[in-house]
């Protein structure tokens, strides 16, 4: 087990280094932060001095070496825009994203498993067709559109929920609902497919021969076997949520890491971009590890 | 249901307890979060809107609400010394929010801090091309000597925020100022809270506490005021401004124009530039893509600015005239067929894509070949500011310029002088007028600016001036507040009254 | 020794096209989907030259004209946009760019991802490692961020947009293909091909790829929707396709601000995306059966019964 | 009327498919008493499992439909029972075990859990369920039952898994046990043990056993009475002895005639220069030694049978000889050249001489290729064998040669029966005109009657074309009719190597004798003798 974790950690470290190199140089190709930090009227000297102040005048390789050196000592640099440590900025935002992702995925997984399983149990039936069409439409509607319509309906017209922001539990409902739609549609389809396979398998026949009821057959016998591909997809979807739900965060004024990343690259706040990428990549790595553990937990055949 | 309850509570509150009326906390929702609350960055609008004059005050203050001109704030009065330097007499008994007393040393430190190379204070830009030396005369008197002499130095001082002399040169995250409010909570990404100080030197405002929230989407901002989640949104979309009881338009200080690069044929020909101006049906935009209330621009600065020239008339919409001018130019061998690129910034102002597409269509109607290119802010800046790229084709940059400072000097040099960073041409007469106007005060100054504005518009045909824009705000009915041109950059809580 | 009763063999095998057509006729849903997609495809090809002028002709007085005004020409039936341009005409014209970006991105990512996946699944562990780490890097790179960075560097053109969206989708195909290859290459018929002396190339493309293909087709149709939406999200962030070019995604994004007072601006292009994805899904479900010799009889039977 | 424990009357079951209604079972009737064992004998597609599925309510409806008949359990019609009551019957009164216990046990739960579930589903409490599960595992002879409770199905051997299945089925002491091909996937020695266990348990509990099988040997070993099914119809019924000695229906006759192991034994071809000479081949997988030094010679046109139970290394040997796996040591001289040191280019040439026919034709034929494509692929890979214009003609020839029709070449594998598919696989091997064909359990998955046909085909090819064969099998009787030499393997070792007559008539090694004894003879009388002998050896 430990050996497995170590092997994965090495692989991830390689990916992480590749990621840093790529982001570092690519982001610097996108332009000069001085032009964005200072107003258009600022003089050339002011811009020059700004670059000098933030070490942007050194050759890229020197900057890179300095950055790597700093990161190795745990220093991720300062945010150009916010004049505070980039890591603090990122971690603050990441906590929000993490909660948003965890809660959303928990709800999505729960709902998709129940709906997908029931659809599979009566494959081709009315419920199956209905859930297919709904999940498909859900997967092809732009989320910003849904978000704004939801605000208009539920906050403005019905006044049931706050429009946006953070503060109470009610504030979470709309963003989570909007984020819910797309992964739900995808995971329902995967659960359905996987469950159809599991329900037609031989051990389900055995269970029926034992006189086990439909409920336990679906949710005890078949489901656990059907979960492996489902968990993979849940992982992929969770990863994309961890990378930040930019649109939803933007519309609902949710202080997450996705909006932070996009804002930071718009403002060429490179240190924040890099720190954000590192933190999310690390989180995704840990999540993948958890998923592998879940595999082993669900399926004893994988344990060694 | 809940909404009714809230409304009911509000009505009850106002009907039964007049004692509460008149003061209380408010919530303000802004489009863009302040990433810094650094006083010396307060000239940037997303920061200034929160702390300028609320937390950090300046020596002088320009009145944009009335017509009082430059008013005293931390300086009680000022005069010009014989040697051209300016002497400011400071208000006494003023305390910073950290309890220290305000004196001339703080003013000197504040100024030195802005000019320091240890930081990137943006208000330094107003002091480009001059050397200003502050000298403390006594605790409550300070001299500023500028070389060359600056007739508008007191106006410039309305841009210098005062911090205690203990403030480090590097950027701070907890602004300390002499203003009526102090920062009590800043949760990045969520909110900023300013709370009224008990020991403020001036009149006590109605607003006891202001919570700033940030939402990027304009319809969300409008919805928040409607649902009572916020009391004031200084900028909402024109489309959402449908309720006359809460939604107000106001002339903001933004001017939209097309900057022409005179260096490249065919834009080097004045007839071509005039044709551009005649081809555009400016009036058709008003009330359609540009909100009702916006003004057609004849200068890069809005009307209340010193020297704004009422005699300069907007170019008429005259496609025939434009075609004729083009034919003339063509007859003289000007390559009017060369495709011209209009470079615009995406999301620069509301409806920018539609407006630019419409302008493109109108120019094409009279025979121009026009490409439209949308770029993001950093790339736009490369087209807009010098040095321009070598080997470029004929280019027109659509841009928006903001001058709410009351004096054209903040615009004219940058946009029109030969050395100006965004200037698309070089004209000795323009340079001379700018230089002369900058050196004088009063009516003389106004006259020279007027002359320059007319010359640029009628003779040089420097650019295609389009609109002085209006903004829309939604103000809760419990507040008494009318946004002004200043609202873009400053939002003084003391000006907000609670009914 | 007797052969099965299926001996009453089909005397003459009909050609591939006829057979596909027959199978298509047997599935009503797939038929509708195919007709719809064909229509969209034709519109995408002829749209810009046919309605291009009409779709860009502004009429500031007819801004946000409401839909269902049967008095006016058919292009106005879906209403008009903020510049008074007929929405139906714009949707037709935008089909070209939309399909180009989506189909291009899906095609590029599917081809590149599948090839890499085949190589990764079938070659030495070292090559496999390199490819998988590369996929990891792309996977952990938030796709919108990649898009923003690359579009900033390269500028926002249709081709670049297509490339960016393609890059971010490569790992999906790569990982799926590789996983399938690892499984399929152990199958008996692959062993049988090796015993016959088939080269790796032949085994990959003749034996493994056809088995992976249905999965990839399904994936690609789902991705089609994803790419159209991603393109729309980029427009929302202001870095996608730039006017005067139009795509459905951009139209939704531009119409967003009018949601409360002119819903049709973003509704119709949204509907176009939904219908296209739905059709693609239906068609891919059909295609999966039609291309699988083991399943094909379902359609052929139905077709025969109907006919 | 209610004398019989189970009585199936006029049962008809049909399935709705897109090809129309398929009548799986037509109007069949049989009965079964307590303590009795009834065998349903039939080949694939005969509908032999359908009636038992109907008894257990395992038929999916739709697409299935019971169109007529009744199933009486102690006189009560199961088909008219309300669903909850019907479910109570399952497990409690009727239990079932299946072929392939690995896939019929839930892979993600421990066997203890699964046995306990059988008990708790019908009302037992957790504590007694655990104790009972332990008792059951002990009873069916699982070693270290205490720990076995917490193990997962994949941690057991095939025979043990079937024992677990039996333990689970017998948890509630049912009146009737249905065993659907319970020993088909097992080695002969294990098969004998499992059948013995079933018999013991039947004697203990007095339950009735309904055994479904395709194997006359199993019928002879365990059943009292037998019913024979063909294409959904019950064609013959009677005591085992009656049916075997005096079959009435032509199908039964054919079935009995097809049972292997009764033909003439081959006389080995004359010794000459061996075409293949294998010496001391070794292979390890990690710590597991799959081959511990295997040597043999194969004469041109000769047939050597490699026989052994699962895990004996016989398939590894085949894979290594074809270079699908690399050996760790030894040599294999093919016409004097060592196969193991050949370069890829040489190997490519070798492929023409050396071909293989796999166990399961369903898997070894690419489902997406037509018969023509499958066979002609050989010439795509080796273009110098045949010019393209002659391909169609040659494919037609090959199809005729293996007993198929030329107009089959446009079809896909799934359109054929199992035996026909194996013929296609053989035609594909022949396309390369090989000199040696390795058959890896090439007939094991086929029905008995089909098996006989395929073996006859192979025999014809050997005679007519002089092809040498390495014939791998786990089943001795099959080998007896076809091979001239037999090589018996056990755990990677060669136990015995001799002519077919030597091995079958005078086995020198104990293991060979055990194998021979464990094999079930279709003749109930012969089998009774075998059995007596076996029991004697055990005691």
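As written, the chain order gives the labels A, B, C and D, with residue 1 at the start of each chain.
As a working rule, contacts are C-beta pairs under 8 Å (C-beta built on N, C-alpha and C of every residue); 3 or more make two chains touch, one makes a residue touch a chain.
To keep track of the chains, here are their UniProt names: A, C = Peptide/nickel transport system permease protein; B = Peptide/nickel transport system substrate-binding protein; D = Peptide/nickel transport system ATP-binding protein.
These numbers come from a predicted model, not from an experiment.
Participant: Weigh A-C against A-D on C-beta contact pairs and write down the one with more.
Facilitator: A-C
Participant: Farthest chain from chain A, going by mean C-alpha coordinates, please.
Facilitator: Following the centroid criterion, the farthest chain would be D.
Participant: Need the CA-centroid distance for the pair chain B / chain D, whole Å please.
Facilitator: 87
Participant: Just the number, please: Cα centre separation of chain A and chain C in whole Å.
Facilitator: Roughly 24 Å separates the two chain centres.
Participant: With centres defined as the mean C-alpha position, give me the chain A-chain D separation in Å.
Facilitator: Result: the chain centres lie 50 Å from each other.
Participant: Mind checking the centre-to-centre distance between chain C and chain D? Centres are C-alpha means, answer in whole Å.
Facilitator: Each chain reduced to its C-alpha mean, chain C and chain D end up 46 Å apart.
Participant: Spell out, as numbers or ranges, the residues of chain B touching 2 or more other chains.
Facilitator: 219, 376, 378-379
Participant: Any chance you could list the residues of chain C touching two or more other chains?
Facilitator: 152, 259-260
Participant: So which stretches of chain A touch two or more other chains?
Facilitator: Residue numbers touching two or more other chains: 30-31, 148, 152, 250, 266.
Participant: Please list each pair of chains that are touching.
Facilitator: Going through each pair of chains, those in contact are A-B, A-C, A-D, B-C, C-D.
Participant: For the complex, which residues does chain D have touching chain A?
Facilitator: 56-58, 87-92, 95-96, 98, 100, 103-110, 117-118, 121-122, 152, 154, 165, 168
Participant: Please name which positions on chain B make contact with chain A in the complex.
Facilitator: Result: residues 1-3, 35-36, 38, 43-44, 117-120, 122, 124-125, 128, 170-171, 173, 188-190, 213-217, 219-220, 223-224, 226-227, 229, 376-379, 381-382, 384-385, 410, 414, 421-422 of chain B touch chain A.
Participant: Which part of chain C faces chain B closely enough to touch in the complex?
Facilitator: Residue positions touching the partner: 56-58, 60-61, 63, 82-83, 152, 155-156, 238-239, 242-244, 254, 257-261.
Participant: In the complex formed with chain B, which residues of chain A make contact?
Facilitator: 30-32, 35-44, 46, 49-50, 52-53, 79, 81-84, 89, 92-93, 96, 148, 151-152, 155-156, 159-160, 162-166, 250-253, 255-256, 260, 266-268
Participant: Mind listing the chain A positions that touch chain C in their complex?
Facilitator: Residues 11-12, 14-16, 18-19, 22-23, 26-27, 29-31, 133, 136-137, 139-145, 148-149, 152, 186, 239-240, 243-244, 246-247, 250, 258, 261-262, 265-266, 273, 277, 280-281, 284-285 of chain A touch chain C in their complex.
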